[in-house]
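Consider the two complexes below, in which subunit A is the common component and subunit B and subunit C are the respective partners.
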Partner chain A sequence: MSRKENCSISAALAAATCTLLGSGVPAPVDAQEEPLWDFNTSLLYYGEDGDRVKDFSVSAIARRMFVDDRFLTLSLTVDGLTGATPSGAIRQDVPQTFTRPSGNAAYTVPPEVLPLDDTFKDTRVALGAGWQQPVGETSLINVGASASREYDYTHVGVNAKMARDFNQRNTTLSAGFAYSFDSLDPVGGAPTPLTPMLDVGDTSNRLGDQDKDVLDLIIGITQVLSRNLVVQANYSYSKSDGYLTDPYKVLSLVDGTTGDTLLRTLTPGVAGPSHQFLFENRPGERTKHSIYGQVKYYMNGKVLDASYRYMTDDWDIDSHTVDLRYRIPFGADSYFEPHLRFYTQSEAEFYQLSIPDSQPLPGFASADYRLGNFDAITAGLKYGWRTRNDNEMSVRVEAYRQSGTVPSSQIIGNQAARDNYPDLNAVIVQVGYRF
Partner chain B sequence: MRRTIGVAAAALLFCAGCSSMGVEPWERDILAKDEMQLTTDELEAATDDHIYFSKEASSGGRGFGGGGCGCN
Partner chain C sequence: MQRDIRLDLAVDAWQGRFQAMGSPCEVVSEARKRRDALEVTSLVAAEAWRIEDKFSRYLDGNIVDRINSAAGRPVEVDNETADLLDFAVTLYRLSEHRFDITSGVLRRVWRFDGSDKVPGSESVGEVLQWVGWHRVDWRRPVLAMPHGMEIDFGGIGKEYAVDRCAGLIKELDGDPCLVNFGGDLVATQAPGRRRSWKVAIEGDTAAAPDRIIDLKQGALATSGDARRFLLRDGIRYSHILDPTTGWPIRDAPRSITIAADSCVEAGMISTLAILKGAAAEHFLEAQDVAYWCRR
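Right, the complex of A and B next:
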């Protein structure tokens, strides 16, 4: 915005100077002075404690400006993921053996240890393209497409957004939609839901590829309230259809009295699960509604950025998110920005720690900790500065902590003495460079 | 239904009030600053959306955010 204003001011000054000197206005002055491309790049490290997920990521957004305020935006992200993630099975006092998702091998988890699936390795490449241009005097339209590819997942999406200004550009109404066509090709094939984990080499309960479509709609209003205060409010709707189950997650089938996972009869000479585990199953539809509000307030050079989001869905998950950032200038060309984020969610109606054998098999069940009841907090600090060649650089370091609880009604027998919810601690380090 | 009407009425009142709010075009010096844009760093916002989408059951709000991956 400010660069554009500088540009129009310099163009106006050039025109005025030329007029004063009695010469014509040199037409290409704009094109010569304005850099056509600008880039926003970053390196990210996301690391969970222990042997859990680590992600190294490189991202870039390139933006090319054309005449009449039209922009082309291209984006690229490459993620390299490694590490282990909770499989959904509960801890036991004895070792537990699992068949790997590929169905080609088995691994054993020691007693008292949370079962993690350590085959989580992936490279993800995501591309995006967008075109933005004014429509008439007061409207803006933005259309885009996105695609991403990882070993077992492919995403293709389209999106469009329109915004219109009112009241001397003090009020902006916007509306947009996005549609995703995603397909899953899980390692070893997607398992038939709620069927047992089988011996190594037995793929009789594996299905083929799966699909998922997601429609997102958003409407919003942005309002300038004063010279230093602007607010935004959005409503968004999201409808997912298709295969929403995590093909790698399981639940332990447990004794209805002791809460211990049932042993399994082993096939002689074949490696396979030591206990009984069932693949999870989620509904094939999910509808989410979100209300989002944001305030930006400028106070003598400092900027407060506060937002709140309420989300509710038909899986019975409600969540609240509060995000606070406070930018404090440090000298003429740099700033510090502390960041705090609070998040809380209730569990999905079909979330359960384990499946007791004393009850009929549920229609839907998942022990995925991300569908459980938990709170999370992020605390971080960013430092940004303008480089000698007038580019922008920033470094942020954040800590993310998730801690949850399993509803007491779901805890059976010996489970009460175990830590049933896997706490998560992660570090986020991101270095950004804009030029 | 009553709740929907209430929300709609509140939204209309809010919008009706909007016409008297705001600033004159020559008072936009502060609002035009980079740090006063609703999203100051698009890449950082996208990174956060992606991280939280893959670790929590919520997504979006600010925009479409986060999707298009097998992480959730």
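Right, the complex of A and C next:
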């Protein structure tokens, strides 16, 4: 049959249908097959100011849709980290020399400069897989697995979550767990805690591989209060066991009166630390409790998303996080989303700026600034739009500023004149594309 | 027959469900209030049940029963029935006599239950004497056909009902709705709360995976024999019969889904394509319609 005759079939059918239905010309059909896969990709740059950490990260999440709301999700993230991070040692008015974590070389930090360990270079590859499916009419389960690998760290984990709707789907209760098993193989071996940093080539205080496991449990409730208002609350529990110490962090051993770092007797002909530094030690257990509340309010296309989290742990760290996002439509196909985040935490009970020689050696000690008392603020703006081929694109730019204080009771002698907790500034730029 | 309506709140829309014309039927509505969703579902269910009562060949006393039991006497029909008969005549012509509302009697010898019970050619030949629209005397509004023949609107009824219901919803000027009668469906307008209605077409084999269609507005209809066939000596006999021979259409796709402005058009194009057998895709290519074919 010729093409012309065939076309007259659909035309004749359309005319006959019009007569049958007795209506005008129906609106034209608009249908297309949904791709079974969708991809969410992003490029992220995180850069701290000065010579500190820079992270360039590429990630892709692929989702395969099946009928009946079942999904398979696969993810891949590759991070490239460079830059330096504070070693934990305090500033001095003389140059300080350190042995690198590898134990193979030494580096020197100029006077009055915060000692940074610049051997911080790594590539991390992380993989994840998840499966989601409804169970019966009102429940949904998710199961997943994750793994990541970097030079000195390997992670494997499993997770599962179940959610159930009640009350005509206005209430959702959920419960989930995640278990991860991580092993550390620090450069040069994990140092024996609270032992001194040794000369280049001396590995007598290095231990073998270390590991830790983390169990997370979460229970939550989501409640639709009205068409415009959804609230969520959850409680989470996290228990870490094993090697929780940072093998690259040290503390300065200082004079109990002047607060200056004690000099070390150098071995002739061998490079090694100029001062006395002790490797940090943290407890082998950490238990965290968090409560989280979130409100999402929808008003004429604008969406306010506000959340608060309180976390407390048995290391005596208490933290509060307030996160605010406000999504404002801009035209039909784009939006702006300002973002503000406030964070504050108290220091760990074993956090200390330095170890004075006048007192007995503590059981646990760390000068890691991340365990200190600090506040942080993040402010940013995201712009998202729908591309001409109906995909989604977004650009997010944020600034992060962290400032901390060391408790005055920990400051000894000359330390009072120095900036013991320097501010940290960072920028975050993220480009996302969803297709 | 059970005639009740169930109304549930799905994630972001109301889902009203009922049973009609041997199929599960649903109305997905973006109505804000339960009351409005119930109103639209009730309207649709009432219309579906009206059409079922009027045109089902399984019910006694309706117009189809009166025609089929007239035993050669002429029957005067109402306007709606006459419109459907006129439409069937057009399809009969367009399909080169393969779409024939008198072909239902072939089911006396063909029972598609997945078994290997293929009838003999004699019994097929015998029943063919009661098949063929050309034997019917149709002069609107009067129809007369030889004793023993039967008509059956089963090939049109469901699609017709979906379009009628969509028309009623549009008259109400209500919220966007999806009317779905056993896989033949119409979206009255694009949904307000998401990009499109997502319609899943289930795949029956690993080689023919599930499909998801984004439907903003318009109709989708699927024809096929995924579950109704006979299998004998390695030959698969489709439940779609060629009334000109009395035997199943050969080499037809297992399923054809068509997107068109109305459900009737979508359903009829998919049926006409199936009737083309091996040439189904060739036919569809020439129709300038969106289609998804599964072999």
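Note that in this section the second predicted complex is superposed on the first by the 403 of 435 C-alpha atoms of A that agree within 3 Å, B and C clash if a C-alpha of one lies under 4 Å from a C-alpha of the other, contacts with A are read in each partner's own complex, and residues count from 1 in each chain.
What we mean here is this: a residue touches a chain if its C-beta (ideal position, glycine included) is under 8 Å from a C-beta of that chain, and two chains touch if they have at least 3 such contacts.
Bear in mind that the values here come from a model prediction, so they are computed numbers and not experimental data.
Asker: Touching A:Gln168, do we find subunit B (first), subunit C (second), both, or neither?
Answerer: It touches subunit B and subunit C both.
Asker: Between subunit C and subunit B, which one touches more residues of subunit A when both complexes sit on the common chain A?
Answerer: When the residues of subunit A touched by each partner are counted, B comes out ahead.
Asker: Contact-wise, after the overlay, does A:Asn228 reach subunit B, subunit C, both or neither (first, second, both, neither)?
Answerer: Only subunit B is touched by A:Asn228; subunit C is not.
Asker: Just to be sure I read the superposition right, which of the two partners does A:Leu36 touch: subunit B = first, subunit C = second, or both, or neither?
Answerer: second
Asker: Answer with first, second, both or neither: which of subunit B and subunit C does A:Leu44 touch in the superposed model?
Answerer: first
Asker: Quick one: is A:Asp117 in contact with subunit B, with subunit C, with both, or with neither? Answer first, second, both or neither.
Answerer: neither
Asker: Given the touch rule stated above, what does A:Asp260 touch, subunit B (first), subunit C (second), both, or neither?
Answerer: Once the two structures are laid over each other on A, A:Asp260 reaches no partner at all.
Asker: For A:Met65, select first, second, both or neither according to whether it touches subunit B, subunit C, the two together, or no partner.
Answerer: In the superposition, A:Met65 touches subunit C alone.
Asker: For subunit A, give the residues common to its interface with subunit B and its interface with subunit C.
Answerer: After superposing on chain A, subunit A residues 1, 168-170, 227 contact both subunit B and subunit C.
Asker: Contact residues on subunit B for subunit A in the complex?
Answerer: 14-15, 18-19, 21-25, 27-38, 40-44, 46-47, 51-52, 55-64, 67-70, 72
Asker: State the interface residues of subunit A toward subunit B in the complex, per the touch definition above.
Answerer: 1-2, 5, 40-42, 44, 46, 57, 59-61, 75, 77, 122, 124, 126, 146, 148, 150, 152-153, 155, 157, 159, 166-171, 176, 178, 180, 182, 184, 214, 216, 218, 221-228, 230, 232, 234, 236, 238, 246, 288, 290-292, 294, 296, 298, 303, 305, 307, 309, 311, 313, 315, 317, 319, 321, 327, 335, 343, 345, 348, 370-371, 376, 394, 396, 400, 402, 424, 426, 428, 430, 432
Asker: What residues on subunit A touch subunit C, complex-wise?
Answerer: On the subunit A side, the touching residues are 1, 3, 6-7, 9-10, 12-14, 16-17, 19-23, 25-34, 36, 65-68, 168-170, 227.
Asker: Can you list the subunit C residues touching subunit A in their complex?
Answerer: Touching subunit A from subunit C are residues 8-11, 32, 83-84, 86-87, 90-91, 94, 160, 163-164, 167, 189-190, 198, 200-202, 209-220, 259-262, 264-266, 268-269, 272, 283, 286-290, 292.
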